[in-house]
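There's a structure below that I have some questions on.
Each chain carries a letter (A, B, C and D) given by its place in the written order, and its residues are counted from 1.
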Amino acid sequence: MNSELRIAVLGVGRMGADHVQRITRTISGARVAVVNDYVTERAREIADTVPGARVVEDPIDAIADPEVDAVVLATPGPTHEKQLLACLEHGKPVMCEKPLTTSVETSLEVVRAEAATGKKLIQVGFMRRFDREYEQLKALLDSGDLGRALVVHCAHRNPEVPPHFDSAMIVRDSLVHEVDVARFLLDEEITKIQIIAPSANPAAPEGLRDPQIAIFTTESGRHVDAEVFVTTGIAYEVRTEVVAERGSAMIGLDVGLVRTSAPGVRGGTITPGFVERFGQAYDVEIQRWVDAVHAGAETGNYVDGPGAWDGYAAAAVCEAGVLSLESGEPVAVDMVARADISGA
Amino acid sequence: MNSELRIAVLGVGRMGADHVQRITRTISGARVAVVNDYVTERAREIADTVPGARVVEDPIDAIADPEVDAVVLATPGPTHEKQLLACLEHGKPVMCEKPLTTSVETSLEVVRAEAATGKKLIQVGFMRRFDREYEQLKALLDSGDLGRALVVHCAHRNPEVPPHFDSAMIVRDSLVHEVDVARFLLDEEITKIQIIAPSANPAAPEGLRDPQIAIFTTESGRHVDAEVFVTTGIAYEVRTEVVAERGSAMIGLDVGLVRTSAPGVRGGTITPGFVERFGQAYDVEIQRWVDAVHAGAETGNYVDGPGAWDGYAAAAVCEAGVLSLESGEPVAVDMVARADISGA
Amino acid sequence: MNSELRIAVLGVGRMGADHVQRITRTISGARVAVVNDYVTERAREIADTVPGARVVEDPIDAIADPEVDAVVLATPGPTHEKQLLACLEHGKPVMCEKPLTTSVETSLEVVRAEAATGKKLIQVGFMRRFDREYEQLKALLDSGDLGRALVVHCAHRNPEVPPHFDSAMIVRDSLVHEVDVARFLLDEEITKIQIIAPSANPAAPEGLRDPQIAIFTTESGRHVDAEVFVTTGIAYEVRTEVVAERGSAMIGLDVGLVRTSAPGVRGGTITPGFVERFGQAYDVEIQRWVDAVHAGAETGNYVDGPGAWDGYAAAAVCEAGVLSLESGEPVAVDMVARADISGA
Amino acid sequence: MNSELRIAVLGVGRMGADHVQRITRTISGARVAVVNDYVTERAREIADTVPGARVVEDPIDAIADPEVDAVVLATPGPTHEKQLLACLEHGKPVMCEKPLTTSVETSLEVVRAEAATGKKLIQVGFMRRFDREYEQLKALLDSGDLGRALVVHCAHRNPEVPPHFDSAMIVRDSLVHEVDVARFLLDEEITKIQIIAPSANPAAPEGLRDPQIAIFTTESGRHVDAEVFVTTGIAYEVRTEVVAERGSAMIGLDVGLVRTSAPGVRGGTITPGFVERFGQAYDVEIQRWVDAVHAGAETGNYVDGPGAWDGYAAAAVCEAGVLSLESGEPVAVDMVARADISGA
């Protein structure tokens, strides 16, 4: 495709505003064309940071706008149903932050309405599926190396939650991610759920049932348990272990995917080559350089990273190194003083 | 800046071709306008994959082209000097893959020529500085938490090298990265180098002095050692440990940065929040969705990830979960069968 | 105490025979005086390996023997009740391998009988309490650093089990260790238990409900879950994580105790000094040397480890090192050839 | 052998006193018969803690004593030569703490004198060879799995040293362990050594060259480097990595031996079975029980660990578990109250 996708971002609270920045600065092949928020002043503030973006005051108008190719929905959950149906009506692809809608019934209506279009237009923002570790874990399961998954253990810990967070929100806003992870990894539906609320953390707000332990049973009878604990005071810890027929694998220990790879051996994969190791570094390098060049017209500095001097210094050290390789003796590095070069 | 940077990519072997793809698909705010290669047919082949890109046959013409804002240099090292000087002459920012040039003398000339322009126009492709772990290590050193760095240990291991690789290339092409890492981390020049070539790996090609141990002394008398071993048969392992006044830190063990953080404690940082943990997942999610929307016109599938059904299923499970939270008993999940919804 | 404890070992199958060796070769302050087994021939075979040990054919006679100070019970479970009561009757301390007895009722009778003696004579072989990692975990909990424990997760995985192992044995022989661990760590009784048997491992023997998930509730309402999976084909994996008010700690990952030690920090303790790091090496060193000296009368070799030559070589290298420290130059090590010293 | 080895311990400063305790409480098959120290009062104090031990005032008399079978030498280095020669003269096996003697010449004399006896009587206290991780590393090298070792990297870090520690002592007292490790692992002599003293740790005492980097070359041309840094302020860190033809292995990271086990895979061994995992726990369990039984005559408590009640509680929980396994439902645990059993 030749042209950039023109996106309308609806709802520019923290998450929506992040998406605006992301699409503008990081994503290739798309730009923010329209910004909408129920607080119009907020929409304007955000739109002003994006060249070429304009504000549309009504969310349905924004969706219907002929100069909008696709929609990002970061509005409050209760508005999703109406906005999603509008997207379907106008045939606009939509990336909808969770929840799809705020009730099972209306979610099902949205599913049916999309099915009636004969297209897949709605994506839901379960972003963990795009996390490198979850992708690795899923790929490992799909490879068949571990055989069939039998049991999944999840832990989901937050240091703290906002004051209005209640016991049901632990299920709907936190556990929901483990629900999607379980369905994603096991490729089947959950048919039974049990929530155990043991004696609560004394440090949790009065009345909050925290931690909670959820137990899922799947269609084929597999077991998933998930600890959700949102007032740990420690950090954000999200961990998943799959125990399978021929081994187990765990992610979320801050050490990458760890698996039992063979009888008696526990291991991780070592990066096979420089592309895997430094591929992302190239992306960062070029993006920062592009940004620096954009900024350079004003400063005269078109560089964000090592410059010519660093290339020269490396050459001088390596030259001495090759001499030392021949002699085995220490060799002094012969370089001019940087101060002797005005401007270097 | 409003418009996209128009970049000429010179040299489209593996590295240059990767840069073309990167700029086209991943980098925001820039596009490939011109492709050049000493094999014109190769240039044409690559340019055909990029909407709006054209071939310019002569590299100096490509640099001088008025519709080129900046240059990526991925040509063979011996051509760099002339091309870099052309970039300077035309005031074009240039991202030059290592080496800067193939001799110390010409590198110095390039440094002087750039200094004479009064601008910083040349960036050299030492991409490790943009790697997350190296960035963390540098930030840790700059924070002062560990005090002054005293000793640096590096290891650089490749599973294998191409047949033409010789002992001096281990210095110039492999060790050169450790040279830059040492200069980057310690913020000073290397004044002495010694290369030790112990008894060689029997599996190395005849005559290749592999492994090699390099010892650097810096201006202020600090010590760096680097093992370079390019025929390990194992994997790509790049490791750096800094030993400092008040602790040490290591990267490259496939477990993130590990440091001694206090007397008697070794530790890593746990991800503090979901932004740090899943921020990159959001980037990937949105980029893939944008790509899927671009492709959707043909397939009717505008989704690459969880769809409306996944949103519905999550809602149904959480609803049952909230009921179980109240009763403490297992609750069956009430869902329609997916097969009953045509198209879902 | 001056004299060695005279121990009767009853039952010398694998476990009992190990105890005989342990007491004879490793344990200080005790010796095996009497060996008993229901297969007398087996008892004799084992007794023959221990200087000063004799066989007593009847287990009750062995317990009553006036030249027996204490008893190790490694007999089959069904015989425990009678043998334990005999120990109590004769006032003999007894170390009883699990189970205490094979029913709840007889176990309670034994408890009451011991209480009636006014002494603590019976120890049960829950050996995990003596494992370094469990000791560290318990000490951490007792220190109060993590606050009150709230949730415990256990995993207990065996590569395989003998053919006669059935679903109830997974509870009685495997899960029983997690029962003791939970009681040990939480210092309270378990009041409720639920066993979930999800879809079984296809590789498990027909009819074996494996894996099983156990859920315990304690007196104060705390939650413990334990996965027991005895046909993994992988290895012996025993893992325990305690989630507490102010952090969590895990053992059994083959990396020592790992804990969250402060907001945002995950860490392990680094060995503080050489006593902690090499203390056990000293024990091994001296024990092997003592064994070598015992054996030396026959061989003329009273050494199991580095000898005088190794001391000489170390001295020669260090001497050259001190010279190099002064000069900074490489120094050749001056040593005689080993072959020149007959016998060295 | 039937009888216990009668050992004379010469020198009962910290190390010698530890050996006295070790032989008395931990080591099987030996006892301390004679204690000697140049401060007789100190010898007496230590001997008083050991049943059956007596003081001999002159070290040579102690060695010659007909009721001494073997000698542990923990006296100051300058006295070693004379005492070792006395041991050889009387044919007494001796375990000599490092150094063998305080000069290369006298060490060689001792080697020659021992060779003349035709026996191996002298062992030197390089205890690292008995450390589990070093034993594993050596066994891995000997197995041939990694091929020939090519390069060894060592790090030896102390948090602090006593005030009198000088730069040469870093070589003779600290580096000497790395000397022995290198010789042990590579099975050949070191022929050349270079000590590099980079700019010193500002926190090190005035004049102390710390850290130091040692470079060894072995007979066959292999390379060893060792960082010794004794004023880190952090912890005791001793690390060794061997880089070999077909992989590498590292110990001392507080995570056991870590190796590259195959192309692209890094791993550690998982404990294969309960003997490996809990074998040492059994030793501790039985030793503590023996000690408790010794002490029990006074207290009436012959137990140090789980007692009969713990056996009963485990039985009750497992019984309920088996019922739950059948029904799938939670089952209450049926137990009497502990308080109802006087004395339990």
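Structural remarks
To be clear about the criterion, contacts are C-beta pairs under 8 Å (C-beta built on N, C-alpha and C of every residue); 3 or more make two chains touch, one makes a residue touch a chain.
Everything numeric here is computed off the predicted structure, so don't read it as measured data.
Of all residue numbers used where chain A meets chain B, over half belong to both copies. The two sides are thus made of the same residues.
Chain centres computed from CA atoms place C at the largest separation from chain B.
Chain centres here are Cα means. That of chain B falls 45 Å from that of chain D. Taking each chain's centre as the mean of its C-alpha atoms, chain A lies 20 Å from chain B. Our note on geometry: chain A versus chain D, Cα centroid distance of 48 Å, whole angstroms. Counting partner chains per residue, chain D shows two or more touched chains at residues 159, 196, 215, 217, 234-235, 237, 254, 260, 264-266, 268-270, 272. Residues 147-148, 150-151, 153, 155, 157, 159, 196, 198-199, 201-203, 211, 213, 215, 217, 220-223, 225, 227, 229, 232-235, 237, 243, 245-248, 254, 260, 262-266 of chain D are the ones that touch chain B when the two sit in their complex.
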